[in-house]
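Across the two complexes that follow, chain A remains constant while its partner is chain B and subsequently chain C.
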Partner chain A sequence: MASYIIKRLLAMVPTLFGVAVLIFLLLRVVPGDVVEARYIGQGSQFQSQELMQLERKKLGLDQPLWRQFTSWMGGLLRLDFGLSMWTGAPIIEEIRLRFALSLQLAIMASTVATLLAIPLGILAAMKQDTWIDYAVRVFSIAGLAMPSFWLGILIILVMLIVFRWLPPMVFTPLWVNPWENLAQLIWPALAVGYRYSAVGTRMMRSAMLEVLREDYIRTARAKGLALKLILTRHALKNAILPVLTIISLEFAFLLGGLVVTEQVFNLNGLGMLFVEAIARRDYTLTQALVMLVATTFLLVNFVVDVAYAWIDPRIRYR
Partner chain B sequence: MRRVIRLATLATAASFALSAIAQTPRNGGELIFPVPSEPPSYDGHREETFGLIHPIAPFYNTLLRVDPTDISGTRVVPSVASSWTVSSDGKTYTFKLRGGVKFHDGSELTAKDVKASYDKIIFPPPGVGSTRQGQYVAVEAVEAPDATTVVFRLKYASGSLLAGLASPYNFLYKADILAKEPNWYEKNIMGTGPFVFVEHVKGSHVVGKKNPDYWDKGKPHLDSFRAIFMRDSAAQVAAVRGERAHIQFRGFTPKDRDNLKAALGDKITVQESPWDCILMVGFNHEKKPFDDKRVRRALSLALDRHEASKALSQIAIVKAVAGVQVPGTPFATPPEELNKLAGYWTDAEKSRAEARKLLREAGVPDGFSFTFSNRGIPMPYEPLGVWLIDQWRKVGLNVEQRVIEAAGYYGVIRSGDTEAFMDFQCGYIVDPDLDMYKFLSTSRNPANYGRYEDPVLDELYDKQSRTTSVEERKRLVGAFEKRLLEEEAHYLMTLQWHRIIPHSAKVKGWQVTPSHYLNNTLDTVWLSE
Partner chain C sequence: MANMAKLLEVRGLRTSFATAAGLVRAVDGVSWDVHPGETVALVGESGCGKSVSALSVMRLIDPPAGRIEDGAILYKGQDLLSLSEQEMRQVRGREIGMVFQEPMTSLNPVVTIGRQLTEGLELHVKMDSAAARTRAIELLGMVGIPDGERRLSQYPHQFSGGMRQRMMIAMALACRPSLILADEPTTALDVTIQAQILELLRDLSRRFGVAMLIITHNLGVVARYADRVNVMYAGRIIERAAAAALYARPRHPYTLGLLRSVPRLDQPTRERLLPIEGQPPDLTRLPPGCAFAPRCAFRVARCDAEAPSLNEVDGAEHLAACWESSRLAGGARA
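Right, the complex of A and B next:
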């Protein structure tokens, strides 16, 4: 097991290097740069070429690509992401500010998704082809059909028109004011969590149906084991693995992928930062964010694989 | 000149007095407003975006300012300068500073600080960026003969110097700080403005609190302000509708205005103005048939601007039919004169018949196809792009629209890989020097992507810029406009943007102007409850 873990961790290195090369080159293929975004896109009448050259020099954009790349890679090896080309602030600071919100939202949305998906999926499987099953299926298909940002807009409109209330517009950390914090984040967590629970519910239902037809379940029933025990001790452990994978990967996605939902609820999260960094051609910040998301995906995948072995003793790695 | 200034000052004072009689400002409260963009740095001398002005301008003063009560946004009045005189040859401007203006660290502002600030803008030291340096090419030197006097010596008389000195970006900085670290103000805030900086949480908000030592006694009226960064326009509208925000200073769409008014009724006040921003169509003069002025003029003649004004103003942030100046401002061509220009005629059929005739004369076949490059921004690029294509089809042209992502747009336009393209400019004050510079020959202004040389146009620009006679300048601006839009048709104007500010009726003491860069110092603003 230990050697498996070490091998998996080492395998991440070439993957991350590939991601680094790809994002570095892709960003530079797209027309425009941060200096143009800063000075030309604003519609101002006087545009100084000298100023733009000066700014490019300050940012190192006048250097050959190989030098820019090696300089960036050198920084990465020292865990120094450098400065944002747009704000001039340390990237670590730019990310840290948004990370708390994005992490909390990802945890809350994943919790909502898990709390909905697992019981509903089990219930639908247990009551297959009854009205309960149909109701759960309609509920989950509706969740799949509705984009979470649309549901978010709907939530805001209902709160605004019916209750004449809006969530707070500025993020307050949980430890500063839990009420303000939850009043802001519970709504996007519900909107996003519901969307992701839909996938999980359907996956849970089908996995459960498959497991419930297995011989060992029939044997357990024949032995007279209580239904609750059959479900928790035998069926759930086997059926939950694919659901765990989906929810875990979605967690990684939620960290940096909630762009529109963040816009709708005016959340200062990593998704918005990502989009703005790309739109502004902030190469250093975009590169750092891509590396952060790629690393998160790899780590989550790794943790899920290890969890598989822990949950299902039949899966052992040599 | 002194008499004119005195009269202007008296008129301003009278207007303030009348306002005061009408409504006595109430002190206290926090003004909350969403800002659709965030400043990259805090240095007004370096940045171009309103995302800097809206949250940061309240911390600073400028030497002059645009009268906050002037709806045309063109009347220049004193700010830190209490008065000024102009020499008879128009080449020396002497400003007297008012006393008692203090920086937020308690030190007094003197002429040395004004000189240092303007030296940074006009003659930046090596390694320091100044984005508006080109606007002050007429200035030879800035001097501070004593603590309360600043002198601007010019190479030639300039009709636009005062407008330039009223730029809301020209924050006055402390000389001692600039001497030690010229880039200090990029990451720090310390001015003389009506509000003192409290905090900036990146991506979230900026907070300022009342400056108790502000030189303009009795101001500001607000205890504090909170600028909340909010990119999504629907979220901004929801914030005003949900009464979580009082106002958004940039502008909303006609639909947003109508929805807010319908939802909140008397709780909403709507202020509107022509907006000193315009989208225009440029032609790559190096590509055939756009090297032929008959073709360019035909494309302008194909447009029914008057009908479009009625229809598009219902759905987009555009309205007035305009030339090179915002309608209703001092140097704008009156509508009856403007309507004589080709492309501005009120008879659309006659105009289109002329367009077809010109296309035939130029040898452009019926059904000629070309690509129109547009920027990937929904409002108002999208509705205007659709309108242009529809209008051009009516004279037998077949147009394909190429929408290019916003940040990469100007890279493509500058490369010359275009035929016809949408271009854009926005100003902080309506002034011929600012608004017409864009159209000078490409060798003089590389930001003219039309790739043409027109020495006649350049000469007209220089002449109007150097005259101090208002009437003569009006004539020259008119001649420039006629050459640009009709004779050579280098560019064609779409419609002037229209600024719509629906705000909480509690917000008082704020006047909409044609520029969303103006009236953001917040010293005159107050909340009625």
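Right, the complex of A and C next:
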């Protein structure tokens, strides 16, 4: 098991390097740079080329590509993301709070999705083709059909009318006031988690139905085991793997892709920062964000892979 | 033997499945019994209803498609069909153990051997986990798997096919049942392993006085290991006899056909093997008369009109369902 874990961890290095090369080149293929982006509002055609060259020189954009890349890599190895090209502030400062928020929201939403998907999927499978099954399927499909920002607006409206509650203007980090923090994030987490539970629920249902037809389930029944024990000990472990995969893949998206939901709930997360950074051609910030999301994604995948091996012994020995 | 109390008596069992092609009567009014300690065989081609018979006894026919329509299954005098699901769970594994055909798929791949062996013990015999472990190691030894201590923490994929089937047998025997239903226990195994597994089943059933129902399509198995034989065709029993009598004097053309299609080492003549012509019948469209008639060499006009019932042909212990069984009486070896 230990060698398996080490192997998986080492495999992350080339992947991350690939991501770094790709995002570095892609950003520079897109027309325009941060200097143009900054002066466009001020009518860049009226700015002298000399002035703009001077700006580029300050940001190191006049350097050859390989030099820019190696200096970025050198920084990364020292865990130094450098300065934002737009604001000039250290990127780590720009990102820290937003990343904490987005990560927490992604974890909470994934938890909501898991807590919905697994029991509902099992329930639907057990009651296949009854009204309970149909109700679960309608509930989960409805979640997929409703954009989560719209559901978010509904939640806010209801909270406003019933509890006179509005999303607060300032984000409270978990370590400052856990209770206030959770009260703030639980609603977006519910709205987003509900939406992302839909695929998981369906996956759980079909995996469960498939597993319940397996020979070893019949063997367990022939031993006289009660349904509950058959489900928890024999069926669930076999059926849960695809659901785990789906939820972990969704997690990566939740981390950086919740632009609209962040707006609705007045949250200052990575989603909006991502959009702004790209629009401003803020190379350093975009690169840092991509590397951060990619690393988190790989780590989540790694955890899922280890969970796989832990649940299914056949993987461990391969 | 007839005056002994019956351990299991199946009476007029009728089990059907709703399929897209219509209602299939997989088991159609079948009666058979097992006495304590004896080994009974249920023989026939694939799809003749032998496995469904065993699953019906365990009440493992899945609704809504499958349904036990009619009949009684008396186990130690108690009708299993009248038990609640909870009471039935006390019978499964505790009173009646089951060995399935596919050792590759019948064990849970993600649960340890130990867990799969001990869960029945903890449930039925109320053993604590330490006692169950000790018993599990003992069981593994009994079925010829040494080094049980280490084996308990392994998973099925670390076992060979033969070992898995041994493990299945250990599981079936764990709670000292009175009856074991072995559904094609050797079909999925190599020929050399088959004999080992069958010997093991026989030895254990003798040692512990467990009665056994062997379901098989292999007449060689029957000859060696069964006391009595029921031959099934298209959901019905068409011949029943003591194993020796069935071999010496088959009284149903189908049984005769089965025997002729198998090479026999005890007969020196280099006869050609004679396959049974035609295909097993479509259970959704059975003919009104005898289901075997379309393939039968002894067919007469009456066979198409009226299905024969299972009648005594040679004493109370030899029964056959054939209008023309007397023609086979002289050991017809055409």
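As a working rule, the second predicted complex is superposed on the first by the 288 of 318 C-alpha atoms of A that agree within 3 Å, B and C clash if a C-alpha of one lies under 4 Å from a C-alpha of the other, contacts with A are read in each partner's own complex, and residues count from 1 in each chain.
Following the convention adopted for this analysis, a contact is a pair of C-beta atoms (placed from the backbone, for glycine too) under 8 Å apart; a residue touches a chain by one contact, two chains touch by 3 or more.
Model, not experiment: these values are computed from the prediction.
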Q: Figure out whether A:Asn266 sits in contact with chain B (first) or chain C (second), or with both, or with neither.
A: first
Q) After lining up the shared chain so the two structures overlap, which partner does A:Ala279 touch, if you call chain B first and chain C second: first, second, both or neither? A) first
Q: Using the touch definition from the top, say if A:Leu54 reaches chain B (first), chain C (second), both or neither.
A: first
Q.
Looking at A:Arg205, would you say it contacts chain B, chain C, both, or neither? Reply first, second, both or neither.
A. neither
(Q) I want to verify the contact counts: of chain B and chain C, which reaches more residues of chain A? (A) B
Q: Check whether A:Pro31 is in contact with chain B, with chain C, with both or with neither, and answer first, second, both or neither.
A: first
Q. Is A:Glu214 in contact with chain B, with chain C, with both, or with neither (first, second, both, neither)?
A. second
Q) Can you pull the chain A residues that chain B and chain C both touch? A) none
Q) What residues of chain A sit close enough to touch chain B in their complex? A) 30-33, 36-49, 51, 54-55, 58, 86-89, 93-94, 97-98, 153, 156, 160, 164-166, 168-171, 263-266, 268, 272-273, 276, 278-281
Q | chain C residues touching chain A - in the complex, by the definition given at the top | A | 58, 60, 89-94, 97-98, 100, 102, 105-111, 115, 119-120, 123-124, 155, 157-158, 168, 171
Q.
Which stretch or stretches of chain A touch chain C in the complex?
A. 214-216, 218-226, 229, 233-234, 237-238, 311-314, 317
Q | Contact set on chain B toward chain A in their complex | A | 34, 40-41, 47-49, 127, 129-135, 186-187, 201-205, 228-232, 234-235, 238-239, 241-242, 244-245, 277, 404-412, 415, 424-427, 434-435, 437-438, 445-447
